[in-house]
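Shared between the two complexes below is chain A, which pairs with chain B and chain C, respectively.
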Partner chain A sequence: MVALQLFVNGIVTGCALGVVAISFSLIYSTLRIFHVAHAGIYTMGGYVAYSLVMHGVPDILALLLAMVAAAMAGAAIQVLLYQRLAARKGTHLVVLIASLGLLAVIQNLLAAIYSANILQFPGAWSGEIVNLGDGIRLTKVQFLTVIVCILAYIGMMLFAHRTLLGKRIRAVASNPFLAEITRLRPQAVYVYVIAIASAVVCLPGVLVPYDLGLQPYGGVTPLLTATIAMIAGGVGSITGAFLLSVAISVVQNLSLLVMPGEWSIGVTFFVFVIFMLFRPTGLFAAR
Partner chain B sequence: MDFLLSYLVLAEIYVLLGLSTNLLVGIVGIFSVSQAAVFGVGAYIVAFFLMNTSVSFLPALAVAAICCVVLNIVVTLPSLRVSGDYFVVTSFGIQLLATAVFTNWTGGTGGANGLPGIPPPDVFGIQLASNAQLALLTSIMAGLGCIAFWLLMRAPFGRLLRAIREDELAVAAAGKNVLRAKVSAAALAGAFAGVSGGLYATFLSFIDPSSFDLDASILLLTMVVVGGARTLAGSILGPFVLLALPQLLSLVEIPTTIAAAARQLVYGLLLIVFMLFRPQGLLGEKL
Partner chain C sequence: MTRSSTMRAAVVLAGLASAATPALAKDIQLGAILPLTGPGAVVGTQEERGIQFATDQINAKGGIDGHKIVVQFEDNQAKPDQAVLSFNKLVDLQGVPAIFTGYSGPTLAIAPLATRKKVLLINAGAQSDKLATASPYLVNTLPTTQDEVAIMSKYLIAHGKKKAAVLYENDAAGIGGRDDFVRLFKKDGGTILAQEPAQFGQTDYRPALLKLSAAKPDVLFVVITAGMVPLADQLAQMKVPYLVAGTSFMADPAAIADPNSTGLIHTQVHIDAPADLASAFHAKFNADMDFFARQYYNAAQITFTVIKKVLDEKKPVTGSNLRTALFQIRHFQGLIPMDFATNTAVVPVDINRMEHGKDVTISANGK
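Then we have the complex of A and B:
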C-alpha cells in the first residue's frame, strides 16, 4: 500500500522533472551549452508567480506571466551573456563558469529579496485531496502537475517534429554550419530555443512549489536529477529524457521504503554512475 | 595585528585549496565544483582524529590527505570514460551528496550543528595555540604547496597536463597515457584539498556543513578565476583578494539578514564579469 503511494508520488515528481529535463535537453542539444543557470530560471519562475499571486493575480494568469518573464530572462541571458562569450571565442569552460556565476547571482538575488526561508503559496484549492481509489491520495495540484507536464511533453514532441520552427531548431542542432549557409540563422534560433525552454521550465517551476513551497536554492537538485535523466535517456532524445526522469523519480521514491529521504540524492547519483559505467550514451541515444 | 594574522592564516589555507582547484580547472581543464566537498572530508577526518583519539596532528593530516587522494580519484574515475560535460554532472552530484552526508550523518559529523571544540594543532609535541604560531605553520604548508605546484608546472608532467587540456586526442595519439596523467592530477589535487581541510578545522576549531557546500565551491572557483587561472601567482592572489572582500562589503550598509546572500551574489557577479571581460583573471593566462 505504502509502496503504491510512493510509486504514484514518484510519477508526480517524475513528470515535473521530465519537463525540466526536456527543456534542459533542448538547450543542451541545440546551443551545446551546459546551461547551469537553468536551475535559476526554474526557481525564478516560481518566485515571479508567487509575487503575482500575492498581489491578487489569478493563479492561471500568474503562471502564464511567469512563463513570459522567464522567456524574456532566458532570451536576455542568450543575447547579453552567451552570445557575447561566443563572440569573444570563449571556451566551453569559460561559458560554464559564467553560467555557474549567473546561477549564483539569480539564487542569491532571490534570497536577498524574499529571504532564504521556505515560502508557501496561498490558495486553498491546491491542498484538496483527489482520491484515486485503494487509499492512494494526491493533492489537486499534484494531479494537475501530472496532466500539465504530460501535455507539455506531448506538446514538445509535436513542436519539434511538426512545426517549422521545431524543424529549424533540429536542423540547427544537428549541423549549425550547414544551417548557417542555408540561412536558417542559428543565432536567432538560439534565442528562440532558450526562451522557449525557459518558459516551459516554468510549468514545473511554478506547480511543484505550489505543492511543496519555494526556496531560493531549491533549483539545483532538480536540475541535477534532470540532467542525469537526460544523459541516461540519451542526449537529444525528448522521450528518453522524460521517461528516465519518471523512472529515476520512481526509484528514488521507492527507496524511501528502505532508507530515509535525506539520501535520495545518493540514489540518483548511483543511477548516474551505473549508466556511466555500462551505457554512457544513454538508452535512447540518437546516434 | 591578531586580525591580520588570522586573515593571513585563512588566506593561506585557501591558497592551498586554490592550488587544488587550479590544478583541475585551470591546468587540466576539468571543471570541478566539488573541491569544497573534498576539503570538507579532510577537515572532518582531522577533526575526528584530534577529538576522539590520541593521534597527533601531523599523522591525522597525513590520513586526511590519503583519504582525499583516494576520494578525488574515485570522484574523477567515472567521468574518465566520458569527458567534458559529464564531469560537471559528477561534480555537482558529489558536492550535493557530500553536503547531504555532512548534514545528515549526525554521528560522525555533528550534523547541521557542526563539530565544536577541535583542539589546536600540535607539531612534534608543541601545541600551536597562538595565531602567530598557526600563521607560521600555514605559511610553511602553503609555501610547500606553492613550491610543489611550481616544480610540477616546470616538469614534463606539467606540460603533459596542459597538453591534455589543449588537445586530449593529440596527446593520446602521441602515445602518452592520458588516463594516468588525469588520475595523478586528481590525486595531487585531492592531497592539497585534504591538507588545507585539516588546517582549516584546527584553525577555526569549529566546522559545520555550511563551510563545505556548493556556495563554498563557487567561492573557491571565484578565487581561482579572479586571481587568474593556470598560474601560481593567480592562485596566491585570488584568496587574498576574495577574503578581503567581505570586509569591504561590511563598509556598505547591508542588513545582516541578507549579508550572506549579498556576498554570494558578488561572487557570482565577479565570475560573470571576469568571464566576459578578463577570462584570464588578474594574473592568469588565457582561459
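Then we have the complex of A and C:
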C-alpha cells in the first residue's frame, strides 16, 4: 500500500514537473535560450493567483488571469530583454546571465511584496481528500493537478501538430534562417512561444502552491528537475519531457522504499547520468 | 574682509563653539547577522524587529550613558557562507564589538572567527548542541536542542509513547536535534523505528511521512525549522494516528494559528512579553511580538546591560570586555530570569500543545 501511494504521489509531482518541462522545452527548442527566469514566471503566476483569490476572485478565474499576466510578462521579457540582447549580438552566456539576473529580480520583488513567508492559499476544498480505493488518497488539488497537467500535455501536443501557429513554431525551431526568408517572422513567433509557455507554466505554478504553499524562491528546484527531464527526454520532444518528468518523480518517490530520503535525489540523478552516457541525445530525440 | 580672514574667523568661531558644547558621546555600533530573505526570513524578520525595538527604546531614553546604539543588520539568508561574508564586513569595516546571530549553521560558521577576533556573538534563536562549545565568545540565550529534547523525551516516555519515528531537517540544527532525540529517547527506554530527512525550505513531506507512518510509531518527533504549516496540513490530510512532538522550532506563529496543527506538542522556552510592551511592538511593526521577537528583544536588553557595565567601568567597549562583563553580571532579569553559569543560559522550558489557533501550556517547566 505504501509503495502504491508513493507511486501515485510520484505521478502527481511528475505531472506538475512535466508541464514545467514541456513549457521550458518549447522555449529552449525554439529560441535556443536557457530561460532560467521561467522559474520566476512559474512562481509569479502563483502569487498573482494568490492576490486575486485573497481579493475574492473565484479560484478558476484567478488561475486564468494569472495565466494572462504570465503570458504578458513572458512576452515583455522576450521583447525588452532577449530581443534586445539578440540585436546586440549577445552570446548565449550573456543571455543566460541576464536570465539569471532577471530571476533574482523577480524572486526578490516577490519577497519584498509578499514577504519570504510560506503563504497558504485560503479555501478548505484543496485539502479535502479524494479516496481512490485500496487506501490510496489524494487531496482534491493533487487530483486536479494530475488531470489539468495531463490535459495540458495533450493540449500542447495538439497545438504543436494540428494548429497553424504550432506548425509555424516547429518550422522556426527547425530552421530559423529558412523561416525568416519564407516570411514566417521568427521574431513574432519567439514572442508567441514565450507567452504561451509562460501561460502554460502557470498551471502547475498555481496548482502546486495550492497544495504545498507559496515561496518566492520555490521555482528553481522544479525548473532544475524539469530541465534534466527535458534533456533526458530529448530536447524538442514534448512527450519525452513529460514522460521523463513523471519517471524521475516516480523513481524518486519509490526509491524511499529502499533507501533514506537524503540518498534518493542523488541516486535518482546518478541513474539518469548513466542513462545519458549511453543515450546523450535523450530518450525521444528525433533521429 | 578678505577670503583668508573670513576663513580664520570661521575657524575661531568653530573652535569657540566646540569648546562651549560638551563633547557628543560616540555612537556604539553593533551588528546583527540574520536571515532577512529566503525561507528563514519569517523568523529573521521578527528577530530583526526585536533588536530594533529594544534599540529604539534605549535610544529614546538617551542611549547608554549618552551613547546611542546603532545596529547594522546583515542578511545571511540562513547560509553559512553568507554569514562569514557579513561577519568580515561588520568586524573589519565597521569594527563592531558584538554581533547578534541566529540559525545554527551560520552561527557555527562565524564562531571560530569570533574567537580569533574577540567579537562577542549573542545567539537568541539557534539551538544546535555544538553552539554550547563553539566559541568562548558565543553566548546563547536559549537552551540547546539537547536540553529541550531531554525534557520532551522524558515527557513522552512518561506518557507511554515508547516507539518513535523522526522527521528531521537535513542541516546542522535538524541533524543535531535528531541525534539528541535518538540518543536520549533510547536512554530513557524508548525505541526508534525510522527516521527520514527533509531539506530546508521543503514543503512536500508526504513521501517521508508515508514511509515513517508505515513504521507505526507512537510518536513522530519533528525537528524542522521552516515549513511547519504545510507539514501540519499534510499530517491532518493523512489523518495520522500517532502523536506529533517537537521542540520550540515548531513554534512558528503561522503553524500555531493553523487549525490543522491542533494536537501537536512541543517544548517551549517560557518567555512572555508584558501586555504594554507587546501592544507597543504591534503598534510599531503591525505584527505580533512573537517568540523570536521576544527572544531578540531580551538578548538586546542583556547586551545593553553589559555595555553599560563596561562603560561604567570606563573601559573601551570591546568584545573581550563585553564578554568579561557578561559573566561578571551572570544573572539577568529581562523578560525571563536567565543565568549564565556557562555560555548557554539556563531558562525555564514548558511543554505546549497547539489547540485551534492557540499554544497552550500542558506542562510548566517540564514538570
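The criterion applied here is as follows: the second predicted complex is superposed on the first by the 271 of 287 C-alpha atoms of A that agree within 3 Å, B and C clash if a C-alpha of one lies under 4 Å from a C-alpha of the other, contacts with A are read in each partner's own complex, and residues count from 1 in each chain.
Here, contacts are C-beta pairs under 8 Å (C-beta built on N, C-alpha and C of every residue); 3 or more make two chains touch, one makes a residue touch a chain.
Small disclaimer: the values here were computed from a predicted structure and weren't measured.
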Evaluate whether chain B and chain C can sit on chain A together after superposition, giving fit or clash. clash
Residues of chain A touched: more by chain B or chain C? B
Report for A:51: first if it touches chain B alone, second if chain C alone, otherwise both or neither. neither
Once the structures are superposed on A, label A:239 by its partner contacts, choosing first (chain B), second (chain C), both or neither. neither
Could you look at A:5 and tell me whether it touches chain B, chain C, both or neither (first, second, both, neither)? second
Mind working out whether A:108 is in touch with chain B, chain C, both or neither, as first, second, both or neither? both
Between chain B and chain C, whom does A:98 touch in the aligned arrangement: first, second, both, or neither? first
May I ask you to decide whether A:83 touches chain B, chain C, both, or neither, giving the answer as first, second, both or neither? neither
In the superposed arrangement, which partner chain does A:116 touch: chain B (first), chain C (second), both, or neither? both
Considering only the touch criterion stated at the top, classify A:272 as touching first (chain B), second (chain C), both, or neither. first
Going by the contact rule set out at the top, does A:174 touch chain B (first), chain C (second), both, or neither? neither
After superposition on chain A, which segment of chain B among 205-213, 223-231, 241-249 or 277-285 overlaps with chain C? 205-213
Residues of chain A contacting chain B in one complex and chain C in the other: 108, 111, 115-116, 260, 262
Chain A - residues contacting chain B, complex: 28, 34, 36, 81, 84-85, 88, 90-98, 100-105, 107-109, 111-112, 115-116, 216, 220-221, 224, 227-228, 231, 260, 262-263, 265-266, 268-269, 272-273, 276-277, 280
If we count contacts the way the header does, which residues on chain C are in touch with chain A in the complex? 37-42, 45, 170, 195-198, 201, 203-204, 206-208, 210-211, 214, 226-227, 229-230, 233, 236-238, 254, 258, 260
In their shared complex, at which residues does chain B touch chain A? 25, 29, 31, 33, 78-79, 81-82, 84-86, 88-90, 92-94, 96-97, 100, 103-104, 214-215, 218, 221-222, 225, 257-258, 261-262, 264-265, 267-272, 275-276, 279, 287
So in the complex, the part of chain A that touches chain C is made up of which residues? 2, 5-6, 9, 13, 108, 111, 115-118, 120, 127, 129, 137, 139, 212-213, 215, 217-218, 253, 256-257, 260-262
